[in-house]
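Quick notes on the structure that follows.
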Amino acid sequence: MAPDLSVSLGPLRLKSPVMCASGTFGFGEEYTDYLDLSQLGAVVTKTITLQPREGNPPPRLAETPAGLVNSIGLANPGLEVFLREKLPFLRRRRVPVVVSIAGNTVEEYAELARALEGTAGIAAVEANISCPNVKEGGRLFGSRPATAADVTRVIRRSTSLPLLVKLPPLFPGLMEVAGAVEEAGADALAVTNTLPAMVIDVQARRPVLGAGTGGLSGPAIRPVAVYLVWQVATAVRLPLIGMGGIATASDALEFLIAGASAVAVGTATFGNPRAMVEISTGIAAYLEERGMSNLREIIGSLRPGGCS
Amino acid sequence: MAPDLSVSLGPLRLKSPVMCASGTFGFGEEYTDYLDLSQLGAVVTKTITLQPREGNPPPRLAETPAGLVNSIGLANPGLEVFLREKLPFLRRRRVPVVVSIAGNTVEEYAELARALEGTAGIAAVEANISCPNVKEGGRLFGSRPATAADVTRVIRRSTSLPLLVKLPPLFPGLMEVAGAVEEAGADALAVTNTLPAMVIDVQARRPVLGAGTGGLSGPAIRPVAVYLVWQVATAVRLPLIGMGGIATASDALEFLIAGASAVAVGTATFGNPRAMVEISTGIAAYLEERGMSNLREIIGSLRPGGCS
Amino acid sequence: MATLEKGEIIANRCLAGPYWEIAVRLPQVAVAARPGQFVHVRCGAGLWPLLRRPFSLFAVDREAGEIRLVYQVKGTGTLALTKKQPGEELDVMGPLGLGFPLEPGLRKIWLVGGGVGMAPLYFLAREAAASGLTCDVFLGAVTAAGLLHQELWRGVAARLELATEDGTAGHKGVVTDLVETVLRGNRPAAIYACGPLGMSRRLAVMAAAAGVTGYASLESRMACGVGACQGCAVRLKDGSYRLVCRDGPVFRLEEVEGEPDGP
Amino acid sequence: MATLEKGEIIANRCLAGPYWEIAVRLPQVAVAARPGQFVHVRCGAGLWPLLRRPFSLFAVDREAGEIRLVYQVKGTGTLALTKKQPGEELDVMGPLGLGFPLEPGLRKIWLVGGGVGMAPLYFLAREAAASGLTCDVFLGAVTAAGLLHQELWRGVAARLELATEDGTAGHKGVVTDLVETVLRGNRPAAIYACGPLGMSRRLAVMAAAAGVTGYASLESRMACGVGACQGCAVRLKDGSYRLVCRDGPVFRLEEVEGEPDGP
């Protein structure tokens, strides 16, 4: 019998632990020529803001060794267009839709969450708190326990949808933020967003990216992302969605074994649009080879390896 | 005329901006079959502790995409053996010797600094504050402005040698630590040490490294390291030594343009033991092509590139 | 419809200097492809390079189910592509993007290509010829070796004008100089351009002045190639951002910013 | 003295299954090499893989200035190595490490190899034969195809004993079983071993019990290969860490931990 790959992220039930990472899969429709969305655990949308956003000046992409630095700048059509033009398509697929949201202020997060509350076809909200808090002079919402908890609490009050909170990478201090967000009522945590990064064009002596700096994703960051997931897993009881550089089933298993209940695939989809499906299949095969019938036997099953 | 590659790191003058990164070049003697040490800006030793350290249980290395995760555990012969058996060799080469030091307590750093003070043939001390502070329950010395300043101040009082301080990667908060270390009397800052990382053997469901976790180095981290150097360069006036994933002259130039006065090469030496020499040559060629006579024309010469 | 197709490499050879040509059996891509569209190619193996690279379709043989690309070796991806041997598989997504529209009723069009940018224009010229259009072709390159496939061009061009920056072949100068001169006496139904951004911008200004319409294929770095990542944005004349992979790569010349970027 | 030498690949071919052999012209490495030493090889191109990979010298022709390595394809590095074509350059550091000591006065030695670990023993057997020693050789593999280069071994071994785990050639079982049996009636001057760690450990116990001395070549992942990074440490019987690249790869059997690691 095929192993059971279903998982629960608090109130959110997924039939596969493999989903897309926000911002790398558009609104799902862009990839329908390449895979059947219903094979995914969930589709996480590009982060939506209240108003449409044009995004950052190009270039927005720079490839680095085993990595990608991007400075998209949350380019998105805004809440209204999303609900009118993007959501109907997704609603018709048999896949849970997780809507990623971001605001410039705590109130904007709340407003987004309220607007999604009443809408059919949304399985969960993912609060992307890895973006700058305009009121606090541009510090990331997610960089301090207090602000991270604030924004979580306010969203929690604004919606009864399952609430995922996506954390930025922090060294040190991620455990504290994760703990505060747990306290404030999140149902699950997503770890990690991109690492702050910069690429310089040495001929022009300018940053390659129009925005100057960007975020690093892809296999380059995987060992860091696994570390962060493992660390957060030891600090909170919430289910985790692990991501950062996952390209193969083996990569995904590292996160699951480290303590993630689900995984998201971002940059790898660009190279291989079928990566998510292949990863699901590979996880199932891994469980079967070991005679395991349920994904839960793997999650957080890391045995000690020495002194750490 | 060949361009002038000499730089000053506060009181420390180097004839080339390219040096080795601590821990990747042993005590210099290991690489003499492959290059002439006098062609390097400086030799930075493996970090020395008061007592010899055996290091962490093997395995200590795991290769990842464009990266290397290590958990050496500061294996080193200790101060006494270093002075007796390692330093004399280095002293005979025509290259400045920078001794990297680490302690479990602030007092140990002071003791190491005092011991080096009186010793001939040492050009500078590099305080590796990216290691756990035993007294503070294992937090890195470098992770907080107050402890980072403490250890810097105490070393500063213990030696008149040029004092370099090597910072760990912090998101956010590196600028605050850098500022505190500047205040406390450092002559230059080295940015960055390895990123915290973990690799899991999914067959055994154990960490690959005997120590459980390790630090990520190599080209994978370069965009992050450039970002950190650029950020610190905007926050302090001290000269910086940039490192993290440098493998070519172009990589090194990214750091110099971002604001580093010198660069260190670590992981790349393993693949190409002559990398440092080739990087020096490449930097000189870059200056020549542009009719520049002095490295200073490049340092911190980044032009704005958009909105950041 | 675009597909993800793995097809056998039939040939992969150097044309001249850094210019190569690769032929691949990809029946599904071939049958759907239109001039000006591109394919998104996995150039290396594993993670090296990580991202695909976009290349315009140079020629398509729908019966044989084959496509041909002409590519210039620039960095990691194109260098990796040169290592692929005939018989190996190439992993391709495509055809992608919106191609050159050939509106009904056109009689004579001009094709203006700069450097390896001439690639998609050849596919266009073949299709145009098949539907009875006349093509005047203007090609520019840095040096004579960059004027690729002249024998093929001669077979499709009613008129073929060449320019090289170093004067080793044709007019000495840039291709837009040639176009400017000919525009004084002549007027095509439309201009179709592909080349460096500077070339397209200059053509946009010239075409506007002459009251001629046209199209230009633009470039940008890409990640997804399908409109999902918002990475390939270009700024158009009206200040808005558009996605090269989804809204282009072909844009109306009228939409292309006429002035170079500020410093 | 070790050098960094780039030499032309003369041949690179598959022997059987995952086993390959590569021959490279490296006069400086060849002239300095001793049995049991290794070379540190840049297997791929660019950053893929990032680190070199260590391989024991299988055969060395000092006159011709050539070395030969036998390697098993395991992952990124060895896979990349199979792609190298004759005529291309291979970037090699070496010879590195301390080889097998052949103390004067030895008459008859036993060589015990497991899997691709037999590689350095062939170089040793040739040198031993040249200085008049007699070698009895015990080789083990999972299956018959892993018993590489039998014709070469027959040329240097006074006695050749084979074992395969699946019984497809020689004794069915592991090579240490064979050694154990023969040790009951016979005693060599020394045992020289190279193979999986488990094999060396079992030999260490057996040799100690029989009062025979010997050497084993150990493996570890390496970064620098020259003693600079402290990455390749192994724990010896006395609990101390030693560097495989600098203090080894050959250690005295007496130093090898006899018991497998705890959980």
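We just call them A, B, C and D in the order they show up, numbering each chain from 1.
Note that a contact is a pair of C-beta atoms (placed from the backbone, for glycine too) under 8 Å apart; a residue touches a chain by one contact, two chains touch by 3 or more.
Here the structure is a predicted model, which means the values were calculated and not measured.
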*With centres defined as the mean of C-alpha atoms, identify the chain lying farthest from chain C.*
D
_Per the definition of touch at the top, where is the C-beta contact count highest among chain pairs?_
A-B
*asked:* I'd like the Å distance between the centres of chain A and chain D, where a centre is the mean of that chain's Cα atoms.
replied: 47
*In angstrom, rounded to a whole number, how far apart do the mean CA points of chain A and chain B lie?*
33
*How many angstrom lie between the CA centroids of chain C and chain D, rounded to a whole number?*
54
*Could you put a whole-Å number on the gap between the CA centroids of chain A and chain C?*
36
_Junction residues of chain B - those touching two or more other chains_ = 57, 62, 65-67, 218-219
_Residues of chain D that contact two or more other chains, please._
47-48, 76
*asked:* Under the definition above, what is the set of chain D residues touching chain C in their complex?
replied: 46-48, 76
_Help me check something: in the complex, which residues belonging to chain B touch chain D?_
23-26, 30-31, 33-34, 46, 54-55, 57-63, 66-68, 70, 72, 75-76, 218-219, 247, 267, 269-274
*Hey, which residues of chain A end up touching chain B in the complex?*
56-57, 62, 64-67, 69, 139-140, 143, 168-173, 195-200, 202, 204-214, 216, 218-224, 226-228, 230, 245, 250, 253-254, 257-258, 286, 298, 301-308
*For the complex, which residues does chain D have touching chain B?*
1-4, 42, 47-52, 76, 93, 220-235, 240-241, 246
